[in-house]
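Order of writing sets the chain letters: A, B and C. Residues in each chain are counted from 1.
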Amino acid sequence: MNSRRPDDAPILQIEDLSVSFSTATGQVKAAENVCFKLYKGETLALVGETGCGKSVVASSIMQLLPNNAHIQGRAIYAGRDLLSLSEKEMSRIRGSEIAIVFQNPSLALNPIMRVSEQIAEMLQVRKGYPAAQSLELAGEMLHRLGLQGDDKMRMYPFQFSGGMNQRVMIAASMILSPRIIIADEPSKGLDGALAAEVMAEMARIKNQVGASLLLITHDLNLARNISDRMAVMYCGEIMEIGESEEIFSLPRHPYTAALLRCLPERGFQPIPGPSPSMIKPPAGCKFHPRCPNISEVCRRKPKMTRVEGRGTAPAGSESEIREVKCWRY
Amino acid sequence: MIPDATLCASPEIMPEAAECPDENKRQCCKREYSRTERISMSLCSAREVLRMQKMSLVGLLLFLSFVLMAVFSEELAPFDPWMRFEPYLLPGSEHLLGTNDMGNDILSELIYSTRISLFVGFAAALMATLIGTIVGLLAGYYKGMTDEILMGITDIFLMIPQIPLIIVIASFLRPSFWIVALLMGALWWTSTARVVRSRTLQVREMGFVQASRALGFSDLHIIFTDVLPNTCHVIAPKFLLSIASAMIAEASISFLGLGDPTMKSWGTMINFAFTRGGFINGYWWWYLTPGLCITLFVLCVVLMGFAWEEQERTNQRLE
Amino acid sequence: MSLTAKRASRYIIALVIIFTLNFVIPRAMPGDPLTNLLGEDVILTDSSVIELRSEMGLDRPLFEQYLDYWHGILHLDLGYSFHRHSPVAEIIFARMKWTLLLAVPSLLTGGILGTILGALAGWRSANSCQKASTAFFLAIYCTPPYFLCLLALYLFSFKLDIFPLKGFYDTGSAADIALHLFLPVLVMTLFSLSRNYMIMRGSVLQEKSSLYAAFARAKGLYDAEILFRHVFKNALLPIITLLAMDFGFILSGALFVEIVFSMNGMGNLIYDALLSRDYPVLQGSFLIITLMVVSANLLADILYSRLDPRVRWH
């Protein structure tokens, strides 16, 4: 699974990314000091409960946030900071270098355009392919994702189920062979078997072109199955990051542990206490009001700290890095 | 006449358009947005709203000054508008805008005309709003067959070419502003009815309405005490836009000479200037000033109406 | 009932009701129905009054008169104008082509330019150029069309003396007609443009915050590509019927433009009929205009159902 070699430089490096939205009720701090690296060919899962800012991180990488968003930090891709690129430069990166699968496939597709055309359009606009050839390639891609048949090609999004639209979005995200695919809840709307199939196909195409995958999901088991590494997000901050297997077998952050305990096979225990406000988040460690092992020091901001992993990779290499944002380490 | 277009961003833009004439289309247009999307959309346009409000403030000031002009015509006008001086005087220190063919002072005429023009606009809009509100409330509250029939009638009214119809009817009657106002009121209620209906459809499903129904209050009681107050804020902007439509229509009809010759309105002023030599002789102060007044007044009403509508839509999205 | 049948019945009912209204008006209005049907100032002897009364069927029961009325309509018989001594239908059809000559080009350019400019204004709503253009069209939108004509005439004919004051032609050559038509067509175009502009702008402003527009951006489309490949059609579809409803108003505007420019079309026909109380002509014109407006609505409906796959497939 771990196709990444330890000496690889990261393909995407997020540094200190903070995003806030000005709203009528105040500043919504949707992401704070988010740092992570995405390596070539790897799958990094970004997990966390709903509303913690996962989609916001994804959109800010693509510069797709609305005007009321204030973004700080950097997102280094191919030596350039994506956050400071112009709209024109960004349009050359979107779709062809970095592609995104949106969370709401049925709303994200143009309701009055055939699905095949929506995919083919990318080839026409970005690569200048003729229409017929683009449509053919789009059809092939749909076929690989299990939507075959001429009739499917001619359909409109409203004639498809959510899961089918999801696959159309995935096809669109991969048609230009981007180097990074950001998939926001790609398994939503697909039932178990189909989800596995689609994810497998996605992984296959991803490996074929050597792309990296940033997988955003609620589904911890999916994250465990297909990701190499995992970042756990809580209230706009990354609390823990490390190899997926390790995080599952030995969660370090109390929040990660609590999250894992929510899983049905691990006892189905909900996290006590209410979700924090994003406008006035708790001071210090944002998890401290709900934390089982709270201490005085938790009222101050903890730092991301490296802890020893027991990874399979050679000691000292990047891959075994495990970072936790908790005073206990 | 002022169509249900809006100046601003919103997911439900024109309630009309989002709510297409027939059920089927309506279903297609309807979309569900996730919570985050809803919030993000509303915030996106929040700024636009602020800007709009500045515009509407300008509109409000203008509006108020016109209303003051109508109320205090006697005090403001330098002369009685029927008083006769030498005809066709050019603008000068005595008569700022000169005099017309009858020797009336044009500035005083202009000020007094505000009264009739505004009155017709308000009366027609009031009537249109009243009819539209009742039709919308009934259609939205009872749904089913009532709704079908009332909305069918609305659709038919929407197709009547209104100004030609008013011309035909008014030509049979003695010219009077009352009749013009009445006719316009009877024809311009359709868009109010549609907006009120779609709002009523929402409100009737709300908890407190359901509760009233469970408590056994009569339908009429529920409609007027529970539903109506919750539709007021969509009615108000429609009322403003109806004023605008009515003013334009009144000006057009008076221009054809169907206005009351014993009263002065901006439209009749232009009509007289046009038919009695003011236009051919190039006395711009005679026919351009009332026209500018019409445009300015309609503009400020439309600005306020649009801003208000937008505000309501934002609020509703945040709900 | 199937959807098409329902829609079709709506148009038919609308027509029947409006035509019936036209039958009722002269009979319900104060005054002698005979005068109301013939027009005022028609000088008649006593014997011819009785003769006419029976010829018009006014002495028969209302229901029979009503059937007769429909019989006439179905045979394109809109009555007789005693003022002009000719059948109303003939008069109207002779005048109509001039009105269409004025209205059709301006409606088309206004429609096309209005939607495109409006779409751009909505798309770049923060751009100060677009804001200025919106303010400009909003002002036009708030102006009665005939006043727009007066303004244009004041500017171009009185002040600048570029265009002739009135009429369709002096010499009748094509260039002459074009010169005469320029100002009226310009005003009409601006007028219908401003209305389409405002409607389209509102629609695009809404659509641009939709998720599919964001996804188009995420696919690597750039600015105007997103607008014209995705947003434009989506914004246009829901307002097609709205634009059609506006058609009646724009057509009425054309009538006023003709009056100001003294052009020999329907507008002046109505104006003259109004001055001489020539009721048959007034009513006939009303019927024809209604017919045009209803067909425009029908056309828009058909267009909509062909263009929108969501309706087409249901």
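Here is the rule we go by: contacts are C-beta pairs under 8 Å (C-beta built on N, C-alpha and C of every residue); 3 or more make two chains touch, one makes a residue touch a chain.
Note that this is a predicted model, so its numbers are computed, not measured.
Colleague: Which interface, named by its two chains, has the most contact pairs?
Modeller: B-C
Colleague: So which chain ends up in the middle if you average the CA atoms?
Modeller: That would be chain B.
Colleague: Roughly how far is subunit A from subunit B, centre to centre by C-alpha average, rounded to an integer in Å?
Modeller: 50
Colleague: Any idea how many Å lie between the Cα centroids of subunit B and subunit C?
Modeller: 20
Colleague: When the C-alpha atoms of subunit A and subunit C are each averaged to a single point, how far apart are the two points in Å?
Modeller: The computed centroid separation for subunit A versus subunit C comes out at 54 Å.
Colleague: Out of subunit C, which residues touch more than one other chain, so two or more?
Modeller: Each of 209-211, 308, 310 in subunit C touches at least two other chains.
Colleague: At least two other chains touched by the same residue of subunit A: list those residues.
Modeller: Within subunit A, the residues that touch at least two other chains are 66, 104, 107, 111, 158.
Colleague: Check each residue of subunit B and list the ones that touch at least two other chains.
Modeller: Expected reply: 28, 37, 44.
Colleague: Quick check: in the complex, which residue numbers of subunit C touch subunit B?
Modeller: 3, 6-7, 10-11, 13-14, 17-18, 21-22, 25-26, 29-31, 36, 125, 134, 138-139, 141-147, 150-151, 153-154, 158, 195, 198-203, 205-206, 208-211, 238-239, 241-242, 245-246, 248-249, 251-252, 255-256, 259-260, 270-271, 274-275, 277, 279, 282-283, 285-286, 289-290, 293-294, 297, 304, 308, 310-311, 314
Colleague: Note which residues of subunit A are touching subunit C in the complex, please.
Modeller: Per the stated touch rule, the residues are 62, 64, 66, 87-88, 91-96, 99-100, 102, 104, 107-113, 118, 121-122, 125-126, 156, 158-159, 169, 172, 176.
Colleague: For the complex, give me every residue of subunit B touching subunit C.
Modeller: Spelled out, the residues of subunit B in touch with subunit C are 1-14, 16-18, 20-22, 24-25, 28-29, 37, 41, 44-45, 48, 152, 155-156, 158-165, 167-169, 171-173, 244, 248, 251-252, 255-258, 270, 274, 279, 282, 284, 287-288, 291, 294-295, 298-299, 302.
Colleague: For subunit C, which residues count as touching subunit A in their complex?
Modeller: Subunit C residues touching subunit A: 209-212, 214-223, 225, 229-230, 233-234, 237, 307-310, 313.
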